[in-house]
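The first chain written gets the first letter, and so on, giving A, B, C and D; residue counts start at 1 in each chain.
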Amino acid sequence: MTALAELLVNGLASGAVYALVALGFVIVHRSTEVINFAHPSLLLAGGYLVAVLHDDIGFWPALGAGVAGAAALGALVEFVVLRRLRSGSHGTLSIVTIGVDIVLTVEIARRIGAEVLPLGDPWGDRVVQVGGVTIAQARIAALGVAVAAITVFLLAFKYTSWGVAMRAAAEDRATAALMGVRLGRVSAGAWAVAGALAALAALFLCVFPTPGLDRATSFAALKALPAAVIGGVDSTTGALAGGLLIGVTEALAVGYQDEAALLRGGFADIAPYLLMIVVLLIRPTGLFGTRELARA
Amino acid sequence: MPDSIPPSGRRDPGPAGAGTLADPAAPAGVASPPPGGDGARPASRAGRGGWARAAAGLAAAAAVCAVPFYAEAFWLQAGLFAMAAAIGAIGLNLLTGVAGQLSMGHAFFLAVGAYTYVWLAAEPERAAGHTLHGLGWPPPLAAAVAVAAAGIAGGLFSPIAGRLRGASLGIATLALVFLGQHVLFRAEAVTGGVNGRAVPPMEILGLRLADSPEPPVVLGVPFGGLEMLWFPGAALLALAAWFARGVVYGRPGRALTTIRDHEIAAGAMGVPVARYRAGVFVVSSVYAGLAGVLLALVFQRAVPEYFGLALALDYLAMIVIGGLGSVGGAAAGAVFVSLLPQLLTRYGDAIPFVAQPGEEGLSPSEAARVLYGAAFVAVLLYLPRGLRGLLPRCAAPASRARAVRAGDAGDPPR
Amino acid sequence: MRTVRIGIAAAVVACLAAGCSGKATGGGGESGGVKTGPGVTKDTITVSALTDLTGPYAALGKGVTQAQKLYFDQLNAAGGVCGRKVELLVRDHGYDVQKAVAAYSEIAPRSAALPQVIGSPITNALRSRLESDKLLTIPQAWAHTLLGSRYIQLTGTTYDIDMVNAVAFLVKEKGLKAGDRIGHIHLEGDYGQSALAGSRFAAEKSGLKLVEQQVKATDADMTAQAAAFRKAGVKAILVSVSPKQAASLAGVTAAMGLKVPFAASNSAFAQQLLATPVAPVLEREYYVMTAATPFSADVPGVKKLAGDYQKAFPGQPLDSSVFSGYTTAAIVGEALKKACAAKDLTREGIVTAHRSAKAFDIGLGGAPQDYSQWTRPASRAGYIVKPDKAALGGTRVHQEPAESDLAKSYNPPAG
Amino acid sequence: MSPPALRVRDLTAAYGPVPALRGITLEVPAGGVAAVLGGNGAGKSTLLRALSGVLPFHGGAVTGGEITAGGTSLRGLRPDRIVAAGVVHVPEGRHVFARMTVAENLRAGSLGARDRRRAAEARDRVHALFPILAERSRQPAGLLSGGEQQMLAIGRALMAGPDLLLLDEPSLGLAPLVTARIAGTITEINRYGTAVLLIEQNAALALRLADHAYVLETGAVALHGTADELAASDEVRRRYLGVATSGEDEEDLGPGPAVRPLARWAG
């Protein structure tokens, strides 16, 4: 029973990190209907900035710089690449982000080289024991930050002008433009927010229980992709639910691989994708994705 | 009905829309040998232009035939890789470029083709500690069935594909790559697991297309496996390109473009949308299967590691760089993407910004990745029709006008 | 239709005309009384490395390649082989099978041997070509499934042997006994599978119950695996994953209060980990099974190598990749010298010369290696080293190379 | 006299190589109502898109001419600048944000307003004009009826406090009763000083609401004049009012439910 609880708690905690990444996908998708395949490189960039800066300026300023830097990089990508492609279809724009990701990832990975870079976080390898369940402090922080970030964005989407503009643009770009919504600003804003979230996610992907940032860190972003789809690519709530679901599924598949032969041999790694296919078969728009609302 | 001369907001004025309905007499593209004589051309064109074209085609065919007599193994192999890639890319372009279904799972169907061939053609053997199954079929039969198997795999997936659009479809197909690789690693009895498995050489009419200790000498040149594979490879590519052009410029192509641009309108016009969507998925998988078989034959060993995400993205890059929706473009993109890293690695010493192995700086592989990623972005930004757009004669005003009209259907609901 | 027929005819003519080409039919011949083959000219012998400088094994590739450059520079400075300079041709494949195969077909026609091939999948993909080209090849991989080819030489112990020795060590020194549970975390793929073959054999022989956890190369967080080990109540953990994954596992188990010894494959440790927060855990109870002599060992040849390497590549990490690169280059160098003495620098001659070494030892520590057969590992004895921040190269010797009785009774199934 | 709410001179526009507008010249006086009539494909929607700067979203571009509104040149401005200049376009087919609530739709309408502090004031006015929007304020807009959606679309545009409202086919697809209700609102809006450029296929309705009217054919102005002149013209009567050429008068186009369902131009 304790074992199950521990698996669940740890699954939720790593799921929270996936949720942060998935939220980045969702925000860009909501405002521009583009699946941002360059997200992994934003994540790597944010993590890299924290890793190289924390020694000189301390962890918290470095984290701020990482978040700001990744946000700026996101906005820059939007401004330099995507904005010039305004006429392209969403599919084309999604494809172009793959190219952006390749270029950025090669450069950052080259800088990281073969190193494993610690991020100098304050949590270290401290853990909390609750009734026999062990959980790393860093993971509790991740859970807290993810829930907080997602709540903030839910509220912002609902109540701020920025949120209304973003939702309007997501639904109908031409009409939003007719309302005086500045589409460029909306989509650059979305990219910046996605970058900031990616940097936060990078932080939690690279602190305990992992030793630090290396060039493979960005692969985690690929696990968040099914999380975003399972939740529904245009739903912020969905990002949270999808992320947690993936985290728990993975933890359970790993934890019980000894008991069930099916789970053995790396099943945990494909479980998110299997789950995604099942969800898509039942609900093509994902668990929380919006269907067209119409009377007809 | 709204004002109807103008095209709608939904049409993709960029790559896809303009690329698909270009002048049917446009050249097939730099890399694809002309599709077998003049069968694909409308009869009215068979005037003087027809002869000129036939002559150009013959020259190209002759040039292709001459390659194995001159080129060293490196170039033959690179060429064969490019041919296989071109076949796969043409198939993907039918699906993604023409029909607008984003697929990031092409690598999966390549793997189905490659491994089905290996399994059917191989004799049972023991290797690396496990027993490998094999049916020992004659290789040509095995290849044909492998290609069909890839098509069937596509058919099985098409119900899922039919339910999804755009990026969601892309991600679902991405899942295929991961699931497929998982199965390849597990199904050791068929695939050989991580170590992969030797690919039985093709045998046509008793002739083994493989290296042998005493290679047959043709006109003074010893013919190894690569030399011999060159000819069927080129023929298959020509056939694949010819058939794809028929699809693109014929009724199915128009139906698919209409579905891509206006699915609801297409349905209303009586186009059987679901059937076309499934059909193009199957056709594209068949192409992938064929490419997979050819790749396996060139590799001589099929290793699951190869059929991963990177390969799937490579194929997407090929069609984007070459030009969405165009057969010649896909082939050109395939040549570009598959040759670029090899050339940079080989001639890296002579290129100023590329560092030597083991030195600091941008290594050849990195330079290749950066160039390829940048080409990806630059093509979409500045060459919406891809490499193909660089060719003269492609931007005939008449065809553009047609493209505009075909894309029109007012302002569809979002 | 007429056009088509004319077309075919013209194509045939063109093909025939093409026949007047001068495509070379490969090297070979004799010069100065020495038989030569591809890759050997009057004044140079070319050997090639297919390495990974940009992919997941970039760290390994860089160290190996630089060490090999160092070796061949030293060899050439000492007069080369057979009056010829030995040139190392390096091609980076970034761990991509297709690039590697392409690079191979470029370099193979002008190479006499391959002192470095990184990546099991790549070695496997090239295997049949290597055999038909008769190229002496030394992969930087230690999966037993690569055994069984006359042309492919694995150096030192294989992963399975290492794990057999590891279990023997844990039983002997860490007090594991029959009925205990022992965990083994391993990567999917060749490396993990090979290690697993050894641990399964050894666990069964020792009456231990093996708890297996497989992970993928992309997994970074080992919390779930650590929890599973704790749940199973393992008394020790065998580690055959990437260094970063090993660090995560060690960190989590320590934080969970699961204090057990770790015995790791040589690829599950990297010096860089000593800069991360898990360093103290690794220094406490982490043992690495390796055939490579640690640079802190008291072996004159290794001390000299460390000095030379640091002079040639200042500031570069000194780890087992350097040792491995240097020794594998030396194996090829020695084979070339012997082949020269036998006046046969053809590929077959080089392989024959290499295969005549029954107790290869060039003063770099470790157990002598037997290269005369290829279905068994060259050695069954490896060092057991411990991470140590203060030690040169990050590790120090915990136990000198020894062949456990368990390893003696183990016969890996050759591939 | 204040400058006209809109002045268009020799406006040309094209979709790629296909010309869509060829030298349009028209004017909407300050506080006036002008109507544009024309068949399918005459370029009416293109004209409005050109004025509001969203033609590029539809693959087209303005290729020549001048557009000024209240003395400001609009040509080449981004849509948000045009909104800020006081010109707001209600697109054909309404295009309410279906997934957002009615209140949020109205809020979206105020995003481009020159003075956002007056959003509350604007909302009160819209609610007064369309009480149903206040009632349904928390419902998703996609669940409104067609007429309610049209009201929302107009209300949303009013949130920006426009000087000139560009209305594209407000009666499209609506029942006669609803159409009359919308027509009444347009007059009401105009009474508060907002100029209106109205596109309608329901020519009778348009001519009743407008002071001036223009007839577009294949992208060019074929006829123009005061609404009364055009209503009296044989050609307009025949082609747009569905009336046989007799001198039958149009008196029964009176307000309210009495509007006669007119034959629509090949819809």
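Assume a residue touches a chain if its C-beta (ideal position, glycine included) is under 8 Å from a C-beta of that chain, and two chains touch if they have at least 3 such contacts.
Values in this document were obtained by computation on a predicted structure and should not be read as measured data.
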| item | value |
| --- | --- |
| Farthest chain relative to chain D (centres taken as mean CA coordinates) | C |
| Selected interface, B-C versus A-B, where C-beta contact pairs are more numerous | B-C |
| Chain A and chain B: spacing of chain centres that average the CA atoms, whole Å | 32 |
| Intercentroid distance (Cα basis), chain C paired with chain A, Å | 37 |
| Centre distance in Å when chain C and chain D are each reduced to the mean of their C-alpha atoms | 75 |
| For chain C, residues contacting two or more additional chains | 54, 62, 188 |
| Shared interface positions of chain D, touching two or more other chains | 57-59, 95 |
| Two or more partner chains touched - positions in chain B | 9, 13, 185, 366, 369, 414 |
| Touching residues (chain side chain C, partner chain A) in the complex | 54, 56, 58-59, 62, 188, 211-228, 231-232, 243-244, 247-248, 251-252, 254-257, 270, 272-273, 275-278 |
| Complex contact set, residues of chain C against chain B | 3-4, 6-7, 10-11, 13-21, 23-25, 51, 53-55, 62, 65-66, 69, 90-94, 96-99, 101-103, 105-106, 108-109, 120-121, 124-129, 132, 145, 188-190, 193, 197, 413, 415 |
| Contact set on chain A toward chain C in their complex | 3, 6-7, 10-11, 14, 110, 113-116, 118, 124-127, 134, 136, 139, 205, 208-212, 214-217, 219-220, 222, 250-251, 254-255, 257-258, 264-266, 268-269 |
| Touching residues on chain D, where the partner in the complex is chain A | 52-54, 56-59, 78-80, 83-84, 88-91, 95, 97-100, 104, 107-109, 111-113, 116, 140, 142-145, 156-157, 160 |
| Chain B - residues contacting chain A, complex | 9, 12-16, 96, 100, 102, 160, 163-164, 166-168, 170-172, 174-175, 178-179, 182, 185-186, 309, 313, 316-317, 320, 324, 362, 366, 369-370, 372-377, 380-381, 384, 414 |
